[in-house]
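Shared between the two complexes below is chain A, which has chain B as its partner in the first and chain C in the second.
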Partner chain A sequence: MSRFVSVARGVAWRSIHNTLVNPAILVPSIVFPLFFLIAFAGGLSRISDVPNFHYPPGYTAFQFVFVFLQSAAFGGVFTGFAVARDFDSGFARRLLLSAPRRSGIIAGYALGALGRWALTGTVVTIAALIAGMNVDGDGIQLVGLLGLGIAVNLAAALWAVGLAMFLRTEQAGAVIQMPVFVLLFLAPVYVPLSLLTGWIHDVAKLNPVTPVLEAGRGLLAGSPVKVTIAFVGLVAAFLVLSAFARRGLASAERAG
Partner chain B sequence: MAVELTADQPAGFSPPAAHVLEQTLAIARRAIVRTTRQRALIVFPMIFPLILFAINGSALSSATRIPDFPTHDYRDFLIAMPFVQGAMFVSITAGVDLARDIESGFLNRLSMTPIRGEALLVGQLGGALVLGVIQAIVYLLVGLATGVSFASGVGGALVLLALSILISFAFASLGVLLALRFGTGEAVQGIFPLLFVTLFLSSSSLPRNLIKAPWFRDVATYNPVSYLLEGLRSLVITGWDAQALALGFGFALALLVIALGLAQAAMKSRLTRT
Partner chain C sequence: MTREPAIEVEKLVREFRKGPRAVDGIDLAVAPGEIYGFLGPNGAGKSTTVLMLTTLLPPTSGHATVGGFDIIRQGAQVRATIGAALQEAALDAILTGREHLMLQATLQGLRSPERRERTRALLERVGLTEAADRRVGGYSGGMKRRLDLALALVHSPRILFLDEPTTGLDPQSRSALWEEVARLARDEGMTVFLTTQYLEEADVLADRIGIIDHGHIVAEGTPAQLKANIGGPSVEVTPAEPDDGGRLTELLSQFGEMRHNGNGSVTVQLPGGEAELADIIRILDRADLRVETLQLQQPSLDDVFLAQTGRKLEGSADGAENEGDAPAPEGRRGRRRRGR
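After this line comes the complex of A and B, so read on.
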């Protein structure tokens, strides 16, 4: 166990350190969510005037939850890019040779993703509060929202790290990123599910991200909905993606 | 096409115009072949704007219920976005291709030949131009297939293609300028998010008069990308809107002239340095 912890701690420290000291990695991961918050909450705020749009804290809060969870997901995805880069540079192979407990590598990268998102999530939250976001949820509900973000971040990190270990090249970036991006945008991003029409409504209804987003918005508004469904779904995703990441690691081990 | 590049001409020798045209075509041919061989460069930048168009076209359809929204089908409003977004991807393709030539030393070797800087510059844009044409046709066909109708008719669709290709060429020139200034593909790609920001901080999702936040409306009004979008959009929604078209073509031409002018100076400086 101690060997697992020491590997995880070492990999996590390196991942967070690399993010903090490299502006080319740090800046986009902070700027993109901020930019989405500005574009969606600022540019599309008129959408809240659509008949039957009802979200008491307002459109900034409505969009904040999406951007908050999106930044969590992309914190995980960007960590997958780092893993791919480590394979391209040869570092990952040396790490596989030297780590006494290799499953600690996955845990380390996942913790690194969490550390990376801690910074981004904080910046996005401060920006939303400065922009005048209303928060109607109480302390416990806000902790619930944070819990959703952490679970999304870990699930996305396991997906990205697993796939990066399977593919072992930086060119895998689009393959890692695209499914997450599409899944997020096929949820009710701009209006509540009830206001979506046509195929996007049918897809959003089946999309596992939808209950997570609705739960987050409910928690921020102080009227929780679908919280249990969201957490059960995320725990299931965590278990499935942990197995996927473990298989990715096994594939990398076989490749040598 | 074989081009005779002789090194024994006297200093100050200026090749005739026909020679420059041949040089341009030779470089353009290489750029086109290189672009068409990199399918990932064609497919991903083409598909990504279409994915956003498909998703946002449905997800934001309720925006048409906002009073004074100019159309009843949000896809009519949104169709302009893939054209401009695709043009931004073209700029990165053009920039990265040239940056690779700089990094690999190909540009250095070319500078030893009597090839003209202008030929090199315009020729390099050949691949981007082809990409821009393919993208514009695909976006137009997808738009028509998904029910987008042109208030300006068939003539309007052709003008939209022309404006879209001009916008792609202008953004490609910008990509080439960035490559010449920075010299690495990584730097060119690093600029891409900034281009994307200009797209989202424009009238891409709502008409400017319906943007609620005053600061956002102001930014969109001062953002030239709004006028590129509105020029394209006017042909679909309004019909023949002279002002929107003049602004659209005007800003696209201005971007092209400025970017090409600066790129030419940067090319001269880079060829001198090497």
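After this line comes the complex of A and C, so read on.
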């Protein structure tokens, strides 16, 4: 167990360290969520005037939850890019060789993703508060929202790390990113699910991201909805994607 | 009591899809504290063998233990026992040398004070103290190799794998690395499994050598044994006066097989070994035949490779050329040469 922890700690430290000292990684991971927040919450704020749009904390808070969870998901996805880069550069082989307990590598990358997102999530939250976001939820509800973000981040990281280990090339970037991108944007991003119509409503209703997003918005508004289903879904995703990442690692081990 | 081999390999095979058998049923055993040189041309199967023994590549079939642990079933224990510097020194350009060592120490589970102390000591040992806090992206090839070796030693492994460690190094860096490898085996009792395509490297460093070609081990033994198996030494004698060539041939005819080199120069085999050199000198002295040069020639590992495979070892000429300037490590060379 201690070997697992030391491997995870080492890999996580490198992942966070490289993010912090490399502007090429750090700046986009902060700028993109901020851009989305400004563009969606600012530029589309009149959407809240649509009849039957009911979200008491306001449109900035409504969009903040999406951007917050999106940055969590992409924090995980970007970690997959880093894994793919490590395979291309040969550094992954060093990790495989140096790690007595190799499953610690997956845990380390996932913790690294969490560390990176901690920074992005904090910046996005501060920006939203400066922009005048109302927060109606209590402390426990806000911890719940944070928990959703952490779970989304870890699930996305496990997906991205697993796939990167299967494909082992930087060219896998699009394949890693696309499903997460599609799932996120086929959720009720700009308006509540009830205001969507046609095929987009049907797809959003089936989209597993929808209850997570609705739970997050409910927690921020102080009127929780679908929290249990969101967490159960995320725990299930975590378990399935853990197994997927472990298989990715096994594939990398077989390939040598 | 016989000691358990540090590395034991039985019928190890690695097949690649749509490719040949890179390693085709090799057997070998390396004793604790031994430097084992794995010599062969590019594509012979050296690196594939190392990848399997370091648990980076599963074998197709066969069995191997490293440090007493099975490479398939006990990979974690094998990795905790070994250090390895592979052909490509895969380093993170963003990290400094010190950060690399600290990371490696963390991965190996060293505690914080030990991590710092080990990092400091290894940086000093490989001569990177001054460059320790510079990013590795700015290191030269030799510095990267030295850091790679230090990384392999962080957790004081019992067994060290070095896959072509001096490829691309200048003679000075090569010599320094030879010294360090020899010191590790001599002073710390470390077992070293060294792959190389450089004849002199194997000859100077290794206690025993395995020659691999097309995935098969074609010869194995100490350098002296391997050379002895293909014949004894020879001596080349050049008379001061080319006209004395006939007399020289007559005087040396009682020794082994003879070859004429022109200008009266003669090369004669010494079936009785180097001891016959004294007899030759006495005979020439008695006959009052003045000699311009007299040169003892030992069979080389290239001759061994040629005898076993019918081919010269690829790149050996380049290797020999480059290695010519790199002095051999004192301790190791001295110790082994006395044994020959």
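Note that in this section the second predicted complex is superposed on the first by the 256 of 256 C-alpha atoms of A that agree within 3 Å, B and C clash if a C-alpha of one lies under 4 Å from a C-alpha of the other, contacts with A are read in each partner's own complex, and residues count from 1 in each chain.
Please note the rule applied: a contact is a pair of C-beta atoms (placed from the backbone, for glycine too) under 8 Å apart; a residue touches a chain by one contact, two chains touch by 3 or more.
This one's a predicted model, so the numbers in the text were calculated from it and none came from an experiment.
Asker: After the overlay on chain A, what do you see for chain B versus chain C, clash or fit?
Answerer: Aligned on chain A, chain B and chain C fit with no clash.
Asker: Which partner does A:Arg254 contact after superposing on A: first (chain B), second (chain C), both, neither?
Answerer: In the superposition, A:Arg254 contacts chain C only.
Asker: Classify the contacts of A:Trp13 with the two partner chains as first (chain B alone), second (chain C alone), both, or neither.
Answerer: second
Asker: Who does A:Asp49 touch here: chain B (first), chain C (second), both, or neither?
Answerer: first
Asker: Just to be sure I read the superposition right, which of the two partners does A:Ala99 touch: chain B = first, chain C = second, or both, or neither?
Answerer: After superposition on chain A, A:Ala99 lies in contact with chain C alone.
Asker: What angle, rounded to a multiple of 10°, is defined by the Cα centres of chain B, chain A and chain C, with the middle one as vertex?
Answerer: 90
Asker: Chain B to chain C: minimum CA distance in the overlay, Å?
Answerer: Value for chain B versus chain C, nearest C-alpha atoms: 16 Å.
Asker: Where on chain A do the contacts from chain B and from chain C line up?
Answerer: Of chain A, no residue contacts chain B in one complex and chain C in the other.
Asker: Would you pull the chain A residues touching chain B in the complex into a rising list?
Answerer: For chain A paired with chain B, touching residues are 24, 28, 31-32, 35-36, 38-39, 42-47, 49-51, 53, 174, 182, 185-186, 188-191, 195-200.
Asker: Taking the touch rule as given, give the residues of chain A at its contact with chain C in the complex, in rising order.
Answerer: 2-3, 6-7, 9-11, 13-14, 17-18, 21-22, 89-91, 93-102, 253-254, 256
Asker: Which of the residues in chain B come into contact with chain A in the complex?
Answerer: Residues 44, 51-52, 55-56, 58-63, 65-67, 186, 190, 193, 196-197, 200-201, 205-206, 210-213, 215-216, 220 of chain B touch chain A in their complex.
Asker: Which residues of chain C touch chain A in their complex?
Answerer: 51, 54-58, 75-77, 79-80, 84, 86, 88, 90-92, 94-95, 99, 103-104, 106-109, 151
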